[in-house]
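Consider the two complexes below, in which chain A is the common component and chain B and chain C are the respective partners.
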Partner chain A sequence: MRFFEFEAKQLLARRGVPLPESRIARTAEEAADAQRELGGDVVLKSQVLSGGRMKAGGVRFAGSADEARGAAEAILALPINGQHPQGVLVERKGEIAQEYYAAVTWDGRAKRPVIVFSDMGGIDIEEVAEAHPDHLSRTHLSTLRPLSDYQAKLAVARTGVTGGDLNRLARIVLQLARAFREHDLTLAEINPIGKLADGSILALDAHMEMEAEARGAHRALLAELGIPEHDTRQARPPTPFEVAGAEVDAQDTRGVAGNVTEFSGSLGLVIGAGGGSLTLFDAVRSAGGDPANYCEVGGNPSVRKTAALTRLIVSKPGVEKIAVMMNVVSNTRVDIMARGVIKGVIEAGFDPADKIAIFRIPGSWEEEGFAILRRYGVEYVDRSVSMHEAARRAVAKLAGLDGG
Partner chain B sequence: MSILIDHESTFIIQGITGREAVTMTRELLDYGAKLLGGVTPGRRGREVHGVPVEDTVRAFTERTRVDGSIVVVPPAFAADAVHEAVEAGVRLIVVVTERIPRRQVAEFVEHAEQTGARIIGPNCLGIISPGKSRMGGIGGSADATHRAFHPGSVGVMSRSGGMTVEIANALSQAGLGISTACSIGGDAIIGSTYAELMPLFEADAETQAIAIYSEPGGRAEAELAEYMEAASSRLPVVAFMAGRFMDAMPGMRFGHAGTIVEGREDTTAEKIDRMQRAGIAVAERIEHIPALLRERMGAR
Partner chain C sequence: MPDGLFIRVDIAESVQGDPELVQRLIEVCPVDIFDRAEGGVATVAENLDECTLCDLCIQAAGDDRVRVVKLYAE
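== the complex of A and B ==
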């Protein structure tokens, strides 16, 4: 779950990390007021959950209230990567002498948190890692031993920084690592940390993400920041179809029948489970098909839950047929899946034999499941037909339909 | 032979009285696994399908040899269960539970490293050495498991539990069979990666080739590629890469907690390229895996 820059900066501010003086503005008029309060040159930054703000035109500069009003108007009207700004962060702008990069994130290979620090901030850190590896340090942290000041110092000193800057930067890095640990973040990044002409060092930008699984443990913090529980903070906001999918899955706790993502095609997919869904979505596309959705069915969802998911998908505007497919299943009962999808199609007012292009779920209770499918005239295949072949047949059936 | 488990392996289930674990107990006993019993705090003295329930892991380790434990407890208590097993000296811990916060996973993985215990998972379906033993729900009922997992010469590692079974089924149908299949888990941090399990397969005389299932996100495939280059492995590896559609959708999470494109190296295109440069063949479809393996097994 990603935080907006102004929220991430609030988390830094309460730890004493030095920041430029700033105001959050929700309207152009508030931005003009903010410039008046801060005085002089300001930078206005679009508050979206996306990178590339500068390139997209979401960062502007102003030296007067009128300029700030104009810049904020432009920013507030500009969606970035499909996202509408939640406001404009107005900050006092200083002369920057040097930029640094600091981040704490998980290293999946080392299986530990890692502090990444560079004295070449402000640019793409992956480029620094490739072109200037001696300007980038990686310092791994133990999850069992206490976080200690020297680890932050080491991270900074390894890039050759010394003197007063070393101590000032290490203090910021230490607080970043503390925030990472205490708030169950998966990423805590400041890019850049700026050293101003007067020698002061400030966090100029901040990007933080909290692990979705840990949200429950941080309810109080999220409430303090004013983030509602239903605010998922995905890369794009969920569509009504996706919200309905999440509601289906939340009906009861047995099994999974959700994780719905909306696409624009004509073939509805009732697919599972985690890896199976990824494989089948690819398989449909490589066969030339156009999926209407992604979803995940797994474990042993109830007939009611599977039916509700099926109903949602088969009723989606533009969906001509659905394909019901999974990998060879271990725990999921094939007969219960067959019952669920048939019930869902009938409840939506359609004929299962017509709407279900193919059913491919091999596994336990498959004979019972196949018997149900036969009764309704639904085409099914067993494990001798691969996932890719099943997907191809579903796509071909739909293409035949389109061809008249 | 096989890796990690064989017909002599003894183990317990932590959280044995839960609904999923009770079903698993039946399946494991039917399969012939040496399941000693299980742990649920406060339930000492009960039985599940004829095996005893204890309050603590130590109740078992103090009186008998316990090679492994399957952790099937709810996410809020799972990390504690793993620490208990590590502390009691259990050497192989299969963590089935999903949705354990990442920091808790990293903590028990670091704890296990200190004692030399091996963690498989979390968020996995388990391990199976066909015809010998299995730990976890992998394969489902004993009958279904025999159907999908024939004994044979291919080692399987997969970030998806379900796809472990799908690939095993394809290998069994093609007459190759499986030495050991390991569902390694779908989270961003897991106890054992492909590269960390490779030396075990390398040392297993029965294993003649490796099939892996991979996904976007993380560095596990790059780590495997580096291993293959450095170790001059005797084992040909064929990989299947799912989630190719995700390359164009950075920041969106699909499938598993670890399956998300955040950086360049996370994309399937980058991973496929990296693996191919290390001599790993990448199958376009699951059903192509057996023929690709046969070609490479014959070539060595």
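== the complex of A and C ==
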């Protein structure tokens, strides 16, 4: 779940990270009052859960209360990427001498958190990584050992920063890494960190995202930030298809058959098992496939629930076939899954032999499951066929090629 | 579509006159396939395909009084 900038900055402020003085305004009048309190030049920023605010006109400047009122009126009336602003952050504006970038996120390949730091902040960090790799450092962190000042310093020093700036920036980076770890964040980013003309260093913008599954562990923190339990903070509102997927998952407490994300392709996916969903989704993409959805199935969902999920996916406009694939399962039964998907396909008015491109769920009760699949003429494979190969066959079958 | 696409559960007539067994069947089935009906017991159509093949009903009643049929194996 993503935090608004003003909330992310509250998390930083609690840790002593220096920030520009600011006020959150919900109305244009409050923005005018904020300018009066702060005095001088201010920047007004739209509070939306989306990037691209500057380009969209969601960031404006003002030097008086009247200008602030006008800027806030314009910002509050401006949706950005379909999102209506939840307020305007009014901040004191300073002269920036240099901008830096700092983030802590997960490195999926290294399976560890990583500090990414650059002395070229304020711009797209991917661009810096590509065009100026010598201006960007990556410093991996342990998931077990405590964070140390040294690691934060190393991350900054690797870009050539020295002296007092090194110490001040390292303190910010260390606090960012601590916030990342203690709040179960998936991303903690400050872009830019600004060095002002007077030499002070401030976090000028902040972007933080918390692991959605960790919300329960951070109820007190979220309550302190004023975030209600029903506020899911998805980057975009869920589509009707995704809402229906959540309803399927909520229909009984047995297992998981939901967490659906909508895509526009023609291959429906019923996938899951211990990280299998992500692997299988990627496998379909790397085989040239075009998924209609992402989803997560596991923990031995009921036949009813699997059938409802399958019905939803197979009935989605544009879906030509579905691929039913999981990693080797131990706590999900193959025969129960086979019953669920076949039932869902039949209930949606289709022939399982035609609609199911491939069934690759090896594991518990697989012989029983394979007997069901044989009865309905569904092509299935066991664990001797890898997830990637199964995905390739499903994609080939959809393309009208012989998948085998 | 039949009551269950994959599973049928046959209950012998003799079970109906045995209230203790009726109660046990209702208790042992983990997916609520048995329920009271007209003083005896009947299967719940919408739950039949949830059968886990655990055999608890058969252990309770004996395989001559309750039979769990896999329709896909017929």
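The definition used in the following text is that the second predicted complex is superposed on the first by the 242 of 404 C-alpha atoms of A that agree within 3 Å, B and C clash if a C-alpha of one lies under 4 Å from a C-alpha of the other, contacts with A are read in each partner's own complex, and residues count from 1 in each chain.
Please note the rule applied: contacts are C-beta pairs under 8 Å (C-beta built on N, C-alpha and C of every residue); 3 or more make two chains touch, one makes a residue touch a chain.
Bear in mind that the values here come from a model prediction, so they are computed numbers and not experimental data.
> Could you look at A:Ile342 and tell me whether it touches chain B, chain C, both or neither (first, second, both, neither)?
It touches chain C, and chain B stays clear.
> Go through the superposed model and pick first if A:Ser302 touches only chain B, second if only chain C, both, or neither.
Only chain C; A:Ser302 stays clear of chain B.
> Kindly classify A:Leu222 by the partners it touches after superposition: chain B alone (first), chain C alone (second), both, or neither?
Once the two structures are laid over each other on A, A:Leu222 reaches no partner at all.
> In the superposed arrangement, does chain B or chain C reach more residues of chain A?
On the superposition, B touches more of the residues of chain A.
> A:Ala152 contacts which: chain B (first), chain C (second), both, neither?
neither
> Could you give the residue numbers on chain A that contact chain B in one complex and chain C in the other?
none
> Inside the complex, what are the residues of chain A that reach chain B?
Interface residues on chain A, with respect to chain B: 106, 108-109, 111-113, 126, 142-144, 181, 184, 186, 211, 213-214, 217, 234-236, 259, 261, 272-279, 281-283, 285-286, 294, 296, 298, 326-331, 362-364, 383-384, 386-389.
> What part of chain C is in contact with chain A in the complex they form?
Against chain A, chain C makes touches at 1, 5-6, 31, 46, 49-50, 52-53, 70, 72-73.
> Which residues, counting only chain B, touch chain A once they are in their complex?
Going by the criterion above, the answer is residues 20, 23, 75, 99-103, 106-107, 109-111, 125, 137-141, 144, 148, 158-163, 165-166, 169-170, 173, 186, 188-189, 193, 213, 215, 218-220, 223, 240, 242-246, 249-259, 263-264, 284-287.
> Quick check on the complex: what are the chain A residues that touch chain C?
Residues 302-304, 333, 335-336, 339, 342-343, 346-347, 368, 371-372, 375-376.
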